[in-house]
Each structure stands twice: as structure tokens, then as C-alpha cells.
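Input: one structure, supplied below.
Chain nomenclature is as follows: A, B and C, assigned in order of appearance, with residue numbering initiated at 1 for each chain independently.
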């Protein structure tokens, strides 16, 4: 087993004025691990995700990432160009609404190819070839490469967003409610795809979701958040099958069983 | 292979006014390679809970659960989640009462998955999965379908096949024969005997007296804790 | 020359402000310098940026040429030339070789430029990244970080849709290996003329209040892909008037029956060639 965590988070706190976004969150993410963050709306899940992914500077605390060249470094101590580079090479961000993560005015192929071009790819044929491969991997017919995303269904858009993120082989992917807003059959397909990609590529991921079933399928470990704090943290099946904290028990017992 | 010392577990139900349900106190258990230890006792005596504690699925309140992992022992009661995940991947399998079907994944791949996780290539993993499914009399036409639509008995057999697919040196069985007919029960008994012969350490809970008699090397009797 | 105006219309303080902006622009090739654009006696979009830059650099002994789409005799060119003749009393010319300052909209003359000449371009939209990023704060940051990869997305889209890079004018360039720049709406045919040009090239955007520059002998590289290199337009025809096969041609419809001819867009170049042939 590798002896460094990929991400090490210590005392992460974000305040919106006097209101708590998230408070004193600490954890480590190891290579190949998927952590689920669950909790109800307003519990601070998305704030935490933004603070982890350098999209929102936290009020206090440290986020360290294991960069390929310098080992563990404080991501907020990195220069902005390096942060940007990280965002488009080593990291991926899958937004709940794929329209937030895609460029809707350009073709599907250009959406996938953009990250390659951003890191210096300048051979049209090869960019296209890779875009095609990735569309295929996310089960989008490569003949639709030149179509505008506006002509895609919600599930396809989400898969396109995933392809756009994975094309540069990131090591860490942040996902915010990746299956939110999709109907169940589309959701099932996406979950299966995500599970497979995570296993095949050895990705590490942090997945925010309010859906415990999604968390069970994708995550190795769970953090349960309430009022900005992590109230329970452990193996996914242990947290869901033997919840200890009153809030987790309430959460688990509130799920509808189909 | 497994040494449980002074293990205690109490469920606290916060949603029901915080009542405490003690399950067991100071439980002891040792399991050697090649034996099948059966937990026996009346309903509510904590058989399944103990089994789930061994697997890390339940968090014990006190005590140690030393599980052989490679050359060393890991205390499942206190280990980090990623250590437990590694123990599960390489050392310890679990056959639960119900299959948790994954949408869109075929029965064959559900069974092959634990082998794939330890690095076996797709083809041999599927071959082993096919062999087990055939032995458990799952019709071949179902192999490429997702088990979500299967009958309860079929799902349970897929689950058993999944449990026996990998070569974990430790295997936990939670009422694997609950909804099976006699012929399939016999196959399970046979699979357990083969595992014992390979030196696998098994811990099981069996509802069925006949199966219990057939496979047990030792029977550990459990009594319900009296509520304080 | 009209009386009552300061030399070249603008007051001296304004010209100083413009010159400071121009100096900064020259010092950082391709970088867009903000400036306090003034109201000019012609509407935005008619060359207010170019006029202010010209007013700031022109001297009494300069000789001014103004072209619009390559021609010296179109309305815009004529009125701007007359504006400076009246407010600065400078000499004007239609000859590229004789001019010291050339203000242009949409073309670079065919006749090669030489040291000491100043090209002034009228720019409608200075920001090359605007189409992909609407926020000015973000485009500035992208320039600061030389974060230009996404710019190729537009070229990619062209090839995907048309099989080649179909952008034909205002084709993005990288100046001095550092700043991405819009060359103003000149045809990409003219892009190679900007590279290592001996003349000083100044760009003024009046409405957008930006000045930028390419100093003499600076590299100006048009963006492209390795397998789809930058290419300029070529015509099957020669100019119907002077027979040139080297110049940028305009298509002119000559009657209602679909008759058309191709002629040089650069009227001075075409005229000069015809004169030579006539002799």
C-alpha cells in the first residue's frame, strides 16, 4: 500500500459571516479511495467540496494534496497558475448540473478535447481520436462527436461532463451530486459507469450526495455531515448498517425502501 | 485465523428515545484454518451481529477482533477503514442473507467481481464465476442479466457464488442456505467442505439444523444478554 | 487647415495620456492597455480608437495615408484623411511608400512596410478571449497566466465543422511568444505581414478603451494545429485590372446577370502596378 494519502485535510472551516459553512473537518483520502459525503441540504457538503477543490478559500484549516513533483503541498499555498494546472490535469470536477461543467456552445468533441488543448495538445487528429475514445468509454456514440451538447439528454450530458474531466487522467475527482436530477434508470446507468471507471482507472474521488443508495454503491467510506460538522465517519456499510450518531440513525431510517 | 477477545456490543437506538439493547458482553472466539465454526443460539442472541462485527460491518464497543491478513493480524475492531477494505479484498469474504444487486451488472460479473478486485484477469474470473453459477443451478440464460429481477432463491445463489468465487482464507456465512431447496443446500454444504479442505477458516450462522450438523467443526452457543 | 482646434484635434493632456498608454503597449507587445477614450466627432465603430492613436503620434511633418478595406477612396478613409488635414494640417497621400503614418480598417497594404512607418489599426473588439469568456476579470487573469489553451477550441470547432480552419479574418495571433492578440478584422491573408514587420503597429479600440501594439521586428504567430497548419487564402483568378496573383482580391458584382470580376482590394497597389504596365 502507498504510504502517503493523496489528500490530507486538517481543521477545515468555512464561515459565511457568523454562519457556519463547514467546521473543523479533518480526514485523509488515500489513492484509489472513494469517500462519500452525505447529509441533508444545507449541512455544508457542497461548501466542504468547494473548499477542498480550491474554488472557495476556507476561513481556516489546511488542505494538502500529494502533487506528482513536490509531494504533499498546501493547495492554498500554490500559485494560481499551479492551482489552475492542477484543476485541469490532476483533478476533475463533476458538477450536479452538467451545464455548469460543459461549454454548451461547442461540440461534444471540443468539450472533451478542451482539457487536452489546455495542457498543450496541438494535433487535431490525435485530440479527436482521444475525444472519440472517451465518448465511447462513457457510452456516447462517437458519431455524435460533432453534435452540440444542447441536443443531448440529461444523462448523456452528465456522461459527457465525466468524459471531459477524465480525458487528462486525473487522480482525484470531486463530484457534487453526480446523479442528481436524473431519473432512476438513467441514474443506474451512470452509477454503473462511474463505479467501473473508478475501479478501472484507480481514481480517488470525493462524492457529495444526499442519496444514501448512491453513497453505498460508489463510496468506500462515508462522512455524515450535519450543521457543517462531520458527525460520523467510517466504512460505508458500517455507517449505513450500524449507524451510531443519532442524526445518522435518523437519516438511515428515513430512507424509503422501494 | 480469527481471535476475538472480550468483545462487547450494545445497540443504542436514538430514534426510539435512546434505548440501549445489549447484544453480547465479553464474547470470545477463535477460529483455525480449515475449520468451520458455527454460531448457534436463539434469535436475538447476537449471532449475526458477531458475524458482522468480524467483517467490520458493525462497530464493537469494546474488545479486539484479530484477523489474519497476510503474514500479520489486523484488529478489525479498531483498524482504519482502508485497512478493513484491504482485509476484505484479500483475506475475508462474506456471504450475507440478501444480495445487494447492482443495477446493470450481470450475474456473471457480480460473481466475478471479488476475483477481479484482487487482480485476476477478466477471462479466468468469468470462467470461475460461470463454474460456480452452473454448480448452483443458475440457468445459463440468466448469467448475462442483472440479478435485480431474479427470484429470491436465485439471488441468494448468485450471492453464494460471489462469496465462494474468491480464494479468501477467511469466509463468513450469514444464513446462506435460508431460502434454498434441498438440492441447492447440498451444493452449499459441498462448497463449504471444499473450502475447509483448502484450509479456509469459516464462521457461519445456519438456520437449518441439517446443514449445521453437516458442516460444523465446532458449534459455539450464544445466549441473549439480559437488558439492564 | 481649420483654426480654433488644437493640433490634431485632441488637447495636449489627452495626447500625453494616450502616448503613455502607447509606450506601455509597445513595452509589453500584445498587452491591452486601458486608456481614457474621448468622444470624437464621429460615431463609435467608425474608427474612434484609431483616430485617437493617430492624433497622439502624428507630427506636423508626417504624411498620412488612410485606407478602409484596402481602398483610399471610400467614405471612411476620405473623411478621416480630411479630418487630419484640417485639424493638423498634415500632408496626406495614397501611396503606401510615401506615408509615415497609415491608419487602416480591415487591411494591411500589399506594398511591404519599412522602418519608420507606423500602422494604426481600428479595432472593434480587442479581446481575443471574449467569445469564450464573457468576464473581463477572468480574461485578464487568463492573459496574466498565459492560459490560452481553450483558444484552440474555436479552431477545433472550425475543422470539425468545415474540415479546415474557417476563420478568415480577425484570426488570433500570439505576439512575441507571450500575449494572445486580435489583429482587428484584417483578413488572415494579412497575418503573415505582421510577423517581424519593420514598421511599428499600433491598435486602438475607442469604444472598448484599449490600446495595444506590436513593436518592429516582433514575432506574430497565427494559432494553428500541427496537422492543420495556418494557411492564407488563395484565388484561382488574377486581378482583373492589374493581373496580380499575389494580392488580396475583392469580388465585384458588375451587372444584374451575375457577372463579376475580381480586383485588388488595395487600390494604391493595383493603381501602381497598372501605371508600371502602362509605361
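To be clear about the criterion, contacts are C-beta pairs under 8 Å (C-beta built on N, C-alpha and C of every residue); 3 or more make two chains touch, one makes a residue touch a chain.
Quick caveat: nothing in here was measured; it's all calculated off a predicted structure.
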item	value
Label of the chain whose CA centroid is most distant from the centroid of chain A	C
Central subunit by CA centre of mass proxy	A
Rounded Å distance between chain B and chain C, as computed from the means of their C-alpha atoms	77
Chain centre separation in whole Å, for chain C relative to chain A (CA means)	46
Separation of chain A from chain B, taking each centre as the mean of its C-alpha atoms, in whole Å	32
Chain A-facing residues of chain B, complex	11-15, 18, 52, 56-59, 81-82, 84-86, 100, 102-105, 116-117
Residue ranges of chain A touching chain C (in the complex, touch as defined)	80-81, 84, 103, 106-107, 109-110, 113-114, 117-120, 122-125, 127-128, 145-146
Residue ranges of chain C touching chain A (in the complex, touch as defined)	132, 141, 145, 147, 149-150, 152-154, 156-157, 159-161, 224-228
Touch list for chain A against partner chain B, complex	1, 30, 33, 188-189, 191-192, 195, 199, 216-217, 220-221, 234-235, 237-238, 241-242, 244-246, 249-250, 253
